[in-house]
Structures are given as C-alpha cells and as structure tokens.
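Please find the structures below.
Heads up, the next two complexes both have chain A, just with different partners, chain B and then chain C.
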Partner chain A sequence: MCRWSAISKGMAVLWLASACTALAHTRPRYGGTLRVETQADPWQAADSIGRRLVFDSLTRTDGSGAVQPALAVRWKAQNGNHRWEFWLRPGVHFHDGSPLTADRVQQSLERSCKQCPWTSVRALGDSLVFTTASPDPVLPEELARSEYAIAAEDVAGNPVGTGPFRFVSNGNYLLSLAAADDAWQGRPFVDAVEITGRRVVRTQWLDLSAGHADVVDVPVEAVRQAQQERLNVIQSGDCDLLVLSVARNGVLAEDARREAVALAVDRAALYNVIFQKQGEMTASLLPDALTGYGFLFPVARDPARAQGLHGASGGATLMLVAEDMNAAMQLAAERIALNLREAGFHVQVATRSMNAEANGAPDLALKRIHLESADAQAALEQMLAAFGQTLTDESADPAALYRQEASFTQTHQVIPLLYLPRSYAVGARVHGLRLSPDGVPLLADVSLEDAK
Partner chain B sequence: MTAAGYNRRHRMKSLWLRARVLAGLACTGLLLAWGPVCRAAEPWDTPATELAHQIATLTGPGAVSLTIRNNSAITLDEIPAIRRSLLNALSALGVTARPAADAATTVRVTLSQSARQGLWVAEVQQGPEVRVAMVSVANTAPATKPQGTPVLLRRTLLFAQAEPILDAQTMALPGNPHSLVVLSPDEIAIYHGGESGGAWVKGETFAIAHGRPYARDIRGRLEVDTAGGFKAYLPGVVCSAGQQETTAGAGLAVSCADSDDPWPAGLRRAFYNSSRNYFTGVTIPSVGGDAEPFYSLAELPGKNGAATVYSEVGGQFRVSDGASLRPLAGSRDWGSDVVGVQSECGAGAQLLATGSGDAMQDSLIAYEVAGHEAIAVSPPLPLDGQVVALWRTGEPATATMVLKTEQPLQYEAYRVSLVCNQ
Partner chain C sequence: MNLRQKILLMFSLTVILAVAAVAWTVSVRVRSMFESLDRDRTAALVNQFVHEYERRGDEVGQRVDRMTKDERVARMAYDLAHGGDASMYVTEAAALAQEYELDYLELLQPDGSIVSSAQWPAHFGYKEPAIASAGQPFFLKEEVLGQDPSEIGLFVVRAVPGAESGLDIVAGERLDSAFLENLSTPAGSSLYLYRNAASGFGAGSLIGAGGVVADAARYAGVIDHARASGGQSSARVTTGDGESLNLTAIPLKSANGSVIAVLLVANSRKELVEAQQHIRAIAYGVASVGILFAILVSLWIAASVSRPVEQLARAAREVTAGDWEVQVPVASRDEVGLLAEAFNRMTQELVSQRERLVQSERVAAWRELARRLAHELKNPLFPLQLTVENMIRAKKMSPEMFEEVFTEGVTALTDEIANLKTIIGRFSDFSKMPKPQVTELDLRDVLTRVIRLYQPTLEQREHPIEIVSKLPADPLPVSVDAELMHRAISNLVLNSMDAMPEGGTLTITAVRKDKNVRTTIADTGHGMTAEECERLFTPYYTTKQQGTGLGLAIVQSVIADHHGAIVVESNPGRGTAFVIDLPGVSAGSGESA
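And then the complex of A and B:
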C-alpha cells in the first residue's frame, strides 16, 4: 500500500540519508548472511518480517495495487462473485520437498480462517474453490494478505512454506532462515538471514554503526535523528494508520459526544511535534494517494464546536489507552488527552496493564493499523474489518467507496489521525533493498557487497 | 459515477478519439444554429461532461460559483481547457457560473488522482449541506518517454514492456524482413513491422518450458543466424528457432530443451552457471591465464591488437591480451555489464560500460583499451534507469541494451551504436 504514496511524491523508494554514495548499478552477488534487527517479534504475527520470507500467498499485489499471480496462476469468478476458482502454479514444492497440492492449500487456509471472507474452501484437482456468503469481487486481492499465506509443517513439526527462505530455528527472539535453493521465484542472493527481534532501537543503531547489523528499524518519529546520525535511511510511503477508536457506550454513547472527540483532536500537533512531520494528517481510513478523495475528510480541529457538542455534563472519566507501548504512542495519547480536556472531557491516560486491571474495554484506544492491501476496495474492506464492519456495497466505484467510508467515519467510532510511513536504516554492504507495497523489506532481492 | 478511462495508453487513445468523434458530431449539429461557438474537442470534454451532468443533477439549473483546484499531475497550462470544458458542459445543462457573491450554490471541483487513475471530485455546497460527485479519468500523468541525446553514443528504442526483457534483436524472417525477437524469461515473442518507426505488431509467441526455477537475477540472450533462425540461451535452457515448411507455408518453429551448452560471449562461447547470474569462467576457446567467474566480457579486435575485458564476479575488471590476464586501469566505477562494439571511429573497437550514476540511474560510456588501461572516448549517455542487460547483436557495430525503469516500472530494449565525428 505504501507504494502509492511514494509514487505520488515522485519516488518509489526514498533514500533520505546524506551518506548515500553514487555507484554504478552492479549485478547482485550471491552469498553471505544478512543480519536484521527489529523491535518487533520477527515471527509471531502473520505479517511479521520472518513469515513474509518463508510463506507465499495465492496472489500478491504489485506496487500499483494490481493483483498478480503468486502460488495461483489464474482465477475465475462464477455465480456473481459468489464462487471463485483458483488454479495452483504447477511444480512448486514446500521447503521439505513435498509438493504444493490443493489439499494442503485448503488445509492451510482452513487453519488461518478466522474472520476470512469465504464460507468454504475445497480442493478440486489442481484448483481451489471458494464460496462466499455474499458477492466478493475482491477475493483475489484479499488472498494476497499475509494472514492467508500458505503454511505447512514438516515431519519434525517445523514450519515449511514455499517462499524464498526456509525456516531453520527460532529461539530467544533470534530467527534463522536459510536460502531456499529451489524457490519458485528464484533463489535469494544471500545464503541466510538472521533476524534479531525485541531489540531496543538505540542498540540496533549501535549495531548498525559497528557493522554488526545490516538492516535495522528507524521508528518514524526518529527519522530526523537517524539522519542527523548519518544513518542510511530507506522509507516507504504511508502505510500505518494511527487511529483513535471510540467506544459507543457510557459518556460516548451519544453521537454528539463522539463527534466532539473527533473535533477536539489536534492532528497538526501530533504530526508536527510527535511524529516529526513524517507521513500525513488524515481523517479518512484510506490514504488520499490510494483513493484520490481523502481531502474530502476535513482534518482541522474545532475546539469551540467540540465544547458545544460536548455540553456541560461529561462527569465520568474516560480511559484512554495506547495499544502500542512505545514512547511516541504514549506521547500521542497524552497529547490527545490534553485536547479532550480542553474540550471539557475528563480523561485519564492508562497503560494497557492498568486498563486490564480495570477489567474493561477502554473508552478510547489509540491504535496503529498496518494497511496491507494495495487495492482501494480491498484496503477499505481490510480497514472496516479491523473495526468489525463489512463492506455494504460491492462496487469498486470510487464514489461507492467514498460513501461507505464517509458513512462509517461519520459515526465517529473511529477517528483517523495520521498515515505514517515505515523506515529502516541500511548498512553500507547492503545492495538492492526495496520495500514491498506495504513497507516490508524485500530481503530476497538483497545482495551483500562483500559476499564471495 | 462513471469511469471515463483507465491508465492504459491504448485506452487513453480511444478515449481521446471518442471525445473527438462525439464533439465532432455535436459540432456538426450545432454548426447551422451557432457556428461561431463550435470548436475542436478538448481531451477533457468527456469527463467534464460527465461531471457536469452529476453537478447539474445536484444543483438543478441556475447560478453557481465554480472553483477548480488541482491536486493531480495535470499541468497548469491544461487547467484553462478543463475549466472551459466544464463551463460549456454546465452551461448546456442550464447551470451558469457567476461570482460567489451572485450565487447561492458553490461548486468546488478538485482534480485529484488515486493510485490508478485520475479522479475529479465536485463538492456542491448549498447552505450547510455539502454533496459530492465524482468521475474517474484516464490517468493524467505524462507518459515517460526515453530521452534522446545527440552524442557519440546513440540509442534507439526497440521495444518496451512491463515484463522483463532479457534480450531483443531485430532480424529478417521470410515474409517479414523487419522482425523483432523479444526474449523474456518465459516467452519468446516475435513482432513485425516496427523497424521504420511504426508500432511493432505482435506475431507468434513461444512459451519457454524449464524444468528448474530460474535464478533471481535471470539473464538470457539471443543469437541470430543468417538462415532466418536464432537460438535463445537461458539458465539451463536453450531454445532453437528455425524455419519450417508446413502445408500453410513457411513458419517459425521453436523448440526448447534443458541444456548447459555454452552461451555466446563476445566472439567466444562461455559456460553459464545456471543457478547463479554469471559465467563460470570457462570459455571456448580459452583466453589464456586463469579466468575467474565473470558477468560479462567484451572482445575488442581493434587496430592496435585484440583484447578481451572481463567483468569478474568479485568486482574486478581484467584484460587479456591472449597471453595473460591483468587488472584493467580506469574501470573503477563501472557496473557489471560490458560489451564490445566495432566502429569506424578511433581504434576501431570500443567497449561500452555502464558508468557511475546513482543507484537508480546508470549512464553508458564508450572506452578504448590501450594496454591495460581503459580510456573514455565518449561523454556519458545518461539513462533513465538501470542497465540490466548489455549484449552484442548480430551486427558488430551495435549492441542491445535493456534498461529497467522505475516510473513506470518497465523494461526498455535499445539498440546502441557509436557515431563518429559528432
């Protein structure tokens, strides 16, 4: 998803570092071990950096958001988009050498299906047949999402996929992967990838500077600092939505109160001060670069009107929780609380543990949602699903998407705040690092300068 | 909301034509009644008319104040034409533009764009109520065109496509003296008729079956013969194409088979490592000395003696004079691909190498090799992307260069030649 934003700014991948040297393009070399460090767990989440290297999905989306074949080579909709058939790519094997079959794909999809868009999936020869309760014109786009990646286990119980790297081990937040020599998309250039998770950012940067790491995180609020420290920073377009989720109960049960919250929040302060002018302010669920209509959602605050809508009561104290524990999110939560107090609300910023002790859902939750889909309709479906909603109109027409988005955001259950990019710092020996459309490093295309 | 077009060049063209045809028909009808108003169709007439219809549905006939702002890649000098088209279309529907003080209805039109197409949005405000109308428009971003530069190195665009191009060469086929063979990882495509500047028309295509997955930095090359056939070399696969007589007449037949036969490399043959992206270092005939694995070689049978330059996998460039291999001075900032061409200029043989650009934009420079030193003999030819292939063609004076551009992402095959005295 991030890609459009980058395109709209006239760049697919933006090198921010001042230390970037001008070199002629050379062919990638094979060999070496790429060392990656990250704040996140490298394996746990479906869209984690490790899983993205080991598993493939039936489809993928390219930088323009168009869906492309991956493990499925073609597909066909039938019965008014109620029935979809996907034909598998022949000759693909899992990393343990076993063939990719429709039965195994069916098993994988059934395991991963929690809030999935289909009602049933079954193997039919070398194809998969999906049926859906309602017409689903964007099922190919949805199947590109990492949560529907095709995973299996070998006889030892280790995860196996069909991606460019095979799983070797994972323990103490150190994930080891090795190049899959017979990967259907081609063997990666590096022989191995070691990903160290749960690493403090400052430590990551020190490791990068000392040559102990090749790719490290740069939190979006620290991009300027990284530049000042002359790190070589690569940045995606905007793909993480910072959003305030508003409960529809208690003080906030009334529409006017939730609207008052929306009008009270000062996005400009979040953007300028906390997130250091990275990304863009938004009041829409999808970025303007993707839809072209984001500007129709006003981002300006109106504290006077917020006070008017809130009224005089507002007795109960609202609990505001930042779901992400990092410092910038905590600061953002504090800033929003300040805005809401100015509008007459009583607000307490709580940690997740405090909220858990309070034994209830928070009134206000500050969340960061990763937008993976690169197609506007599939992206909106993903965003709505994140808040328990579904598309009500199957049309891909921009006006229909706008109406649905406006209809939902006008309930003020969700207040979009900022769209943020993802950033990484890259060592000097790393060549060819690009980011996926949703801001994940494409490590299979990386080669190392000193590889032999 | 109606889609007026999408980001495809041929679609854009058809829209343009359709707009002109419609406008022409309309003008024909209007000419008798109101000749002076009739004008040539503007390219924006179709979306402007569609948006005007939606606006008029919301406002009804009457006065509106109209503002237009541009959030898209449309250039400023096109805005007056868009405004004119919109005003004309609104006027035809009984909606007239007036200063804001004279109109109770405000129409704000934003020329925006999404990831895939243009999007024109009208916000119609009557009192506190704002309603929205939209039309999709064929993408307004100008198409990237190759830049020609009248320098010593001349490049001519042969073909461009979104799919990878490994090599492309023109050749004469029976019945089609101007044909183009385009080698892609999974397909050989034959095009006809584009040599004199026209569009290449796709003819036959031949799928390339391969038993093993290709390496990630896949390479491949064509070798055209004089009998109307060619060979295509890919990692672990060789395809042979030749003329075949059938009941329907002569035709091209292509057969592919797994093979580790050596590829043409300069004036020699070289074994290619099919699980990597380089040659093993073993050539036929051997050049003398111990050759390392290499990405490319350039043979320079010049007036001052023959030389072979190797672009080695380790990043070094070495030159062989037939007896020994020695480091080549002056090659410090070269890329991985080199090729030799023969010309009427200078020493009679030049080496083309990708020069120092940045990570995304290469340049191409011609060199001559004197002893163990490369000396630049042309100014850099700036390129709009990365050189991903640089091969000899059947003509000694030319090379094929494949460029990968990012915006839009596509592969462009060029014929490169050297021009003296310019």
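And then the complex of A and C:
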C-alpha cells in the first residue's frame, strides 16, 4: 500500500514539474530583437509595418473590428454627426518625452489630411473638435486608419510617436526600432525590431529557414507553396481588394464598353490558378464577410455578351498597367488582357514606366487596395474615396450601403476581382504573433522564445 | 550629206553594230553564268538552313527527352495524373525552360489544356493544338504571344513517360536572328526569315542575322507570292543604296501544311552588274575607238577620193565660169586618177577647140569684115568706075561736052571718094576704140545731156517720139568716160528712133540695182526676134538697109571697157529694151562697187 502511494506521489510530483516547465515555456519573455523581412519599404507607406509600431491613432480597431480608444479615450458626436469631439488620453508622451497635446495632434492631423473626411479640426483644451461638411457617423472608425496616425518630429528632425516602439534609424531599407519603455500601452516584450525591406520573397524564406529572420512575407499566391515547404504561415482575413480600374474616356467612354470589360474578365482563372484559391472572388467593393451582401454581385463572366457589347472590332489599343510589379499581378494583368482580347478589345500590357513614357493615365489599371476599416460604412467610404467618390447616403443600413455600392459598381469604373488575405511566415522562436483585421502583424505583442 | 559624211556614217554604223553585237552576246553569256551561280548559291544556303534546322530539331528533342526524365517533371506528371491541382504548377514551365535552355515550353494535360506556359504564362487553361503533332520528330510552329508579333519556333512534343503520366510537353527553340547567325553565308549572299503567318505583310517580321531587316517592304512582293502560292518564288529588287539583289523565297510550312514562314535568300547582283558595266564600258570604249578609226578612215578616204572629186567639181565650175584652162592634179592611178586625167584632157580639148573656134570665128569675122568691106567699098567704086569711063568717053566728045561731063564726073568722083573715106573712117574707128578716161560723175548728167540733145529732134518729127525720163532724185555716181558713154547712149537712142518710124515712146530709166547702176533705154518700136537679139552685138550685123553694123558693137565695147554689161530684151511688135549695168561708186569711198 505505502509503496503504491509513494509511487503515486512521485508521479504527481513529476507531472507537476513538467506542467510548470510547460508553463514556463509559454509565458512571454522580455528581450531580444525581432527581425522582420518584407518586400515593401518598411517606413514609406502610411500603413507600413514600421509606422504602425511607432505611431498611434486616436482610435483603433480590435480583433473583431470594433473601434476602441487609443490616444483618444472617449468621443462624442454632436449636431447630427456633423461635429465630433475627441478627448485625449492623459499622461501620454512622445518618444522624445514631450507631452501629447491637442495642439500637436491637430498639427499632425492637418499635415496628414489629403482627402480627410473632416473640414476642420481644432484643439480645444485637451480635446479636439472635428467638423464635417456632411454627417459622418463613422468618423471614429476612420480616425483609426494608419494615415491619420499622430506623428511628430524631435528637435533633430527624427520622427517621434507614441507607439510601443520608437524610431532609431532608417537606411538602406533597414529600419531599426527600439522598445519604448514608457509606452502608454505598456512596454513591448522585445527590446528592438529590425525590419529589412525590399527583400525578395525567396531570400526571406531562406533567411527564415536559416534562422536569420523571424517574420517574413508570404505572397498570397505562394501560400500553398509555403505550406508545402513546411513554413509556419499565418493568414489574415480578406483585406486586400484586387480591382481593375477603368478609365471613362477614349475607347471606354461608352458604358457598354466598360460593361463589356467587366463581363469579359475571368475571375475564376485569377482565383484558381494565379492566386492559388486564396481569398475569394468578388464583384463587390466590400468583402461578403463584412457586409453579408457580397453574393448579390455576380462574379461569372459572359464572354459572348461582352463581345456583343464591345461591338465591331477595331478601335484604339487599351493600355493595361499592373501598378504592382509583383509577378502574380503581372500575370493577372496578362490574363485579363487575354480575356479582353477575346471580347474584341486591343489591349497592351505595359509596365508603369512604359505608361509614364506614353504620357498619360492608363486605360485600365490593376491595383490592390488595402481595406483598413472593419466597419462596413467606414470601409465603403474608404473604398469610394480611393476612386474619388463619396458616400451619398450616410445611413449605415446595409440596404443603403448595398444601394450605394451597387450604384457605383454599375458604372463599371471599378471592377472588383478578388479579395485577398495577407500572409506571413513566422519563425519558430516567435510567440504571440497575431495579425490585425487588416492583415498587419501586431508585433508589439510578440515575444521571442530564446529571449533572456 | 557629202561623201565624207556618208563614209563616216557608214563606218561608224558598222563599228557600232559590230561592237553592240559582241557586247550583247558577251553580256548574255555572263548573265547566264551568274544566274547559274546564283542558283547554286541559293541551293547551298537552303541546304545549310535545312541541315541546321534538323540539327537544332534533334537537339531540342534530346533536351526535352532529358526533361521528361527529370524527377520534378515526373512528380508533376504523377500528381496531375492522380487529380492533383494543376494550378500549383502554373509557374513551373518558366523555370524548366530556363534550366533546359528552351525558348518555348508548355506543360499540357493529356487533353491539351495548358498547365503552364513559359512563353505566355497567362495562357494557362487554354488548349494547345500542337499536341496533335505528338509523334513527329520536330516541326515548325507559329507561336502567337498575345499582341506581340508572332514568332516561329522549332518544336517537339513529348509525353512524360509512365503508364499513369498526366503530362505532355511541347517545347521548342525560336527561329530568330541567332539561328540565322549560326549559318555561314558567302559574301554577297544574305539569308532572311519572315516569321508571320498573318494575312498582311509585317515589316518587323523579316529578320536576318543582324536583327530586323531595314526597309523590308521592298521584299513584300516576293514573300507574299511565296505565301500565297505555297511554292518557291523569285524576284529582283534594288535596295535603298542602289544594290540589286536576286531574291528567292521558299515557304516554310507547319505540321498541318500551312505556310507560316518564308525563308528568303538574297544574292547580290553586284558582281553581275559590275561585269555588265565593265562590258558596257569596254563596248563604249571600243565603239569610241572604232568611231575615231572610222573618222580617220573617212578622212583618209576623203583625202584620196572625195577631195579629188571636189577638185573635179570645182574645176568643172570654173570651166562653167569660163576658165577653160583649169587643170586638176592627178594624185593616183585609180579610177579617180583616170577621171582627173580625162578631165584635164577634156579641158585641154575645150581650150584647143575654143582656140580653133576663136580662130575660125576670127577667120569668119575677117571674111565677114572683108565681105562687108568689099560690099561697102564696091558700092562707091562702081559709080567711080562709071564716072571714069564716062570721062574717057567724053574725051572723044566736044570740049564743051567734055567740060560738062568732066565737071559732073569730078563732082561724082569727089562724092564717092568722100563716101569711101567715111566708110574707111568708120572701120578705122571700130578698129581703134580709145581707152576710156574714167572720171566719177553722176550718170544722170550724161543721160540728161543725151535727152536734151535728141528731144527736140524726136518731138519735131513727122511722127513724133515721146521721151519719158525716169531718173531718181538721188545721184547715181559711176566711174565712166563721159564722152564715150554719151556716144554709146546716143547710139542706142538713134537705134530706138530708127525702130519707131511711125512714132512711139522712148523711155530712159536709171536706178541703183545692188551695187550697179542700171540704165534702161526702151522703145515701143517693131521689136526683134530672138535670133536677131542674139546677133545684135556682132560687128557688121545690121537689120537696117543702110548701116555698117558697127554701132551696137561699139556700144558693147564701150560698156565692156567700163566693166559693165549690156543685154537686149525684145519682143516682135512690142518694142525693145537695152539694159546697161555699170558698176556704181560707193558713197564716200570713191571706188567702184
């Protein structure tokens, strides 16, 4: 009897010890340098990985897409959503130690305002008052976008923000960030982040395999291959809209011709082959997951009808440009050109430099539009703004949104093709990496396995 | 055209025709030779192309065969045969093409749908008809690449081996400038490839070893003909820099027999053109030398033939002009020489005949003179004789009768002796006409004096004669002996008076005629016959019952001594006109014209 109880006790001790060890392993550790490699420039774009780590916006969207406080703790709409007041979080400092004030926030927003939804912003004590020309019920969601992040400069001219990481240096496409010990969100686990940009995907994967990189890009068309190569791939929801922008002049001035373009494009080939069944085919501006009415936009092609709408053969040659030099985009552009030729169009696929030499806007442009907003109305407003349009109905009602979206897509100025996710491969020593709803890695929450 | 020019023309034509015939014959022969050379060169180039084509085809086949044994390809084939996702391999063809150094590579599923295409990545899912050519060693195919100009390639089709293979490979190499560069072409020859099966002619589709051929439009005709006919076509073109080329277009056909490309062989005709130019230059040179020779020959012939003939002609003209003593040189013993000798004999004969004629005329004139003299003298001598006989008979009569007869006889003798003296005086005057003492005077003065002298006499006759004077207002300067000229004009006036016994009109006209002064004395008398006109100026010829017949001879002599001429124009019953031409004196020069 005693022997069995001793054995039992011993086994219990052993089990406890292993559990503790396991717990010790899963608990995040501070320290280490997170090495990220990417194809894009790590700092240039407003929604780049680096800027997201250094700057904060007044609001943010959580994992479910709901808007949450960030630098602003609360806000209030007035005057039928024409006037908004946002109160700043107290005690927040920039990385150079200067306080976050309403004036500095106002200055930052005024600098970043290009097609901003407000007509004016002014500091009022520790709050900011936004005035809009038309009622804007989704201003808080819009302010969460990275383009409205609050940025400043220190006396040396270096960028300073309020994010979890502070800017250290940027040169030769190597961006160095250091953890901000007094970040209002709390100090990140890693001590530093090094982001190497303009890195070829194959080289990134090799670095990942060799342990020289922790987080690398996985282009959506290479996800299956990455999985076949046993890379640890994480993927966001559909956040990039692949769209064909159609000019409204020249050969495409007629509505029928533009409709013919829309009917000629074979989305299935793009989805099944080029983008390896990642994402989803779409004919709507917003993903079905966001709106629920995406299925109402037909995606099937009708080449016979396209040919009929095109009319007699002939006409000027259309210039089709893929704005992204990525191989998959180029291939997609070639495939679209092939579809259009079958419908009777003369199409030439050009690079952006060739088109620049031709001195004019392309007739057709294949582009990717990144969807930051997780709110349908805000997302639609963002999408329309990308094409110089605005919401005509401020109602957030899905039916109203559908009508506005349908009204715009029926002009065939924009032909949505696919919604694509973003994907990354993660090294073994990385823990806790998640992607934001718009597909950006949330590096502030990452810890490293071997950090001391 | 004279003899020299005719000879020159004949010789020149002979030389030119001979040279032209030779040059043409040589040129034709040379052209034939070059054309044969051109055919041989073309055939050699085509053979070289075919050889290289076959070699490349075998090479491509070997590379594709190695590819079919590649583990990746085998794995792909197996995966696809077992329902694998073809989209996974959409970029495989590009990598394989690069690895196996192929310009074209398409991976096909057994139904011919493209899994991956290296040359046209966006063409996945479409059917590739070339799969029907599986089993052929290699074949030509046109590769259409969207909006880009189509290309021509050398293709093979292979199935990835294995009972469960789900993959076919269509691969090939581009027929481009690099392909043509590998062919060695002789100098003056070029090999071009037209790579376009479309209906219209695409200038950018004609390539050579150096790339796209400039100014390809000039080859369009022969290429289009080869494409349309499906057979070999030939033509000749001239390039922009003036070079002439012989073109031979050979259609290249795909596996299904349609013409998808044209092989163009261009051989320069520069050598032939240069040879022809050389022949032409030589021909021109020889012709020029020949013509020069012809000129020299014609000159020589002219010297030996035409000059003597011209001399003969000139001599004949001189004979016509009156110089019968002209002789031509006899420079040869040929026909021309004989002709010259004959001419000389003729002129000598003419001269001797003229001398005999002159002599006989002189004799005749002497006889005529003697006859006339005898006739003139006989008339007064007969009464003289009768008178003397009367006086002899009267001697026998009484002194009173003898005195009367003697007185009458002496009177008659004196008259007849005076008559004889007159007759002899006239003959003496004619025989010793004085030399004219010329002075420059106005002929109008001489004529006016004559008119004034005879006008009263003519107007006071029983049947008056009207004198009409038509003298110009301007002077008529001549160098004449005034007295002799007065006598001559007076003689003519008296003759006119004698010709108009019933009256009439005497018209005296004087005008300047070229360099002469023409005086016309015309009457409206009974006129003369042509025979009378012909003999009018012969001494002792007269139509009058009384007259010595020396008047007009004296007039002619006077006129001739003044270097003038006198002619008579007469019609019986209508009158007679004497026309005297005297040399005029130029104004201010003082010399006779």
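Everything that follows uses one rule, which is that the second predicted complex is superposed on the first by the 425 of 452 C-alpha atoms of A that agree within 3 Å, B and C clash if a C-alpha of one lies under 4 Å from a C-alpha of the other, contacts with A are read in each partner's own complex, and residues count from 1 in each chain.
We adopt the following convention: a residue touches a chain if its C-beta (ideal position, glycine included) is under 8 Å from a C-beta of that chain, and two chains touch if they have at least 3 such contacts.
As the structure is a prediction and not an experimental result, all values here were calculated from the model.
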item	value
Partner chain in contact with A:399 - chain B first, chain C second, else both or neither	first
Chain B versus chain C as contact partner of A:63, first or second or both or neither	first
Which superposed partner A:290 touches (first chain B, second chain C, both, neither)	first
Partner chain(s) touched by A:185 [first = chain B, second = chain C, both, neither]	first
Chain B versus chain C as contact partner of A:277, first or second or both or neither	second
Contacts of A:30 with chain B and chain C, given as first, second, both or neither	first
Shared chain A surface residues [contacts with chain B and with chain C]	none
Touch list for chain A against partner chain B, complex	3-4, 7-8, 10, 12, 15, 20, 22-30, 63-66, 164, 181-189, 288-293, 295-296, 374, 376, 397-400, 402, 444-445, 452
Residues of chain C touching chain A in the complex	86-88, 90-91, 120-125, 146-147
Contacting residues of chain A [partner chain C, same complex]	224-225, 269, 272-274, 276-277, 317, 327, 331, 334-335, 337-338, 341, 346-349
Residues of chain B defined as touching chain A within the complex	1, 3, 71, 110, 112-119, 121, 123, 132-134, 136, 212-218, 275-278, 295, 313-315, 333-337, 354-359, 362, 386-387, 406-407, 409
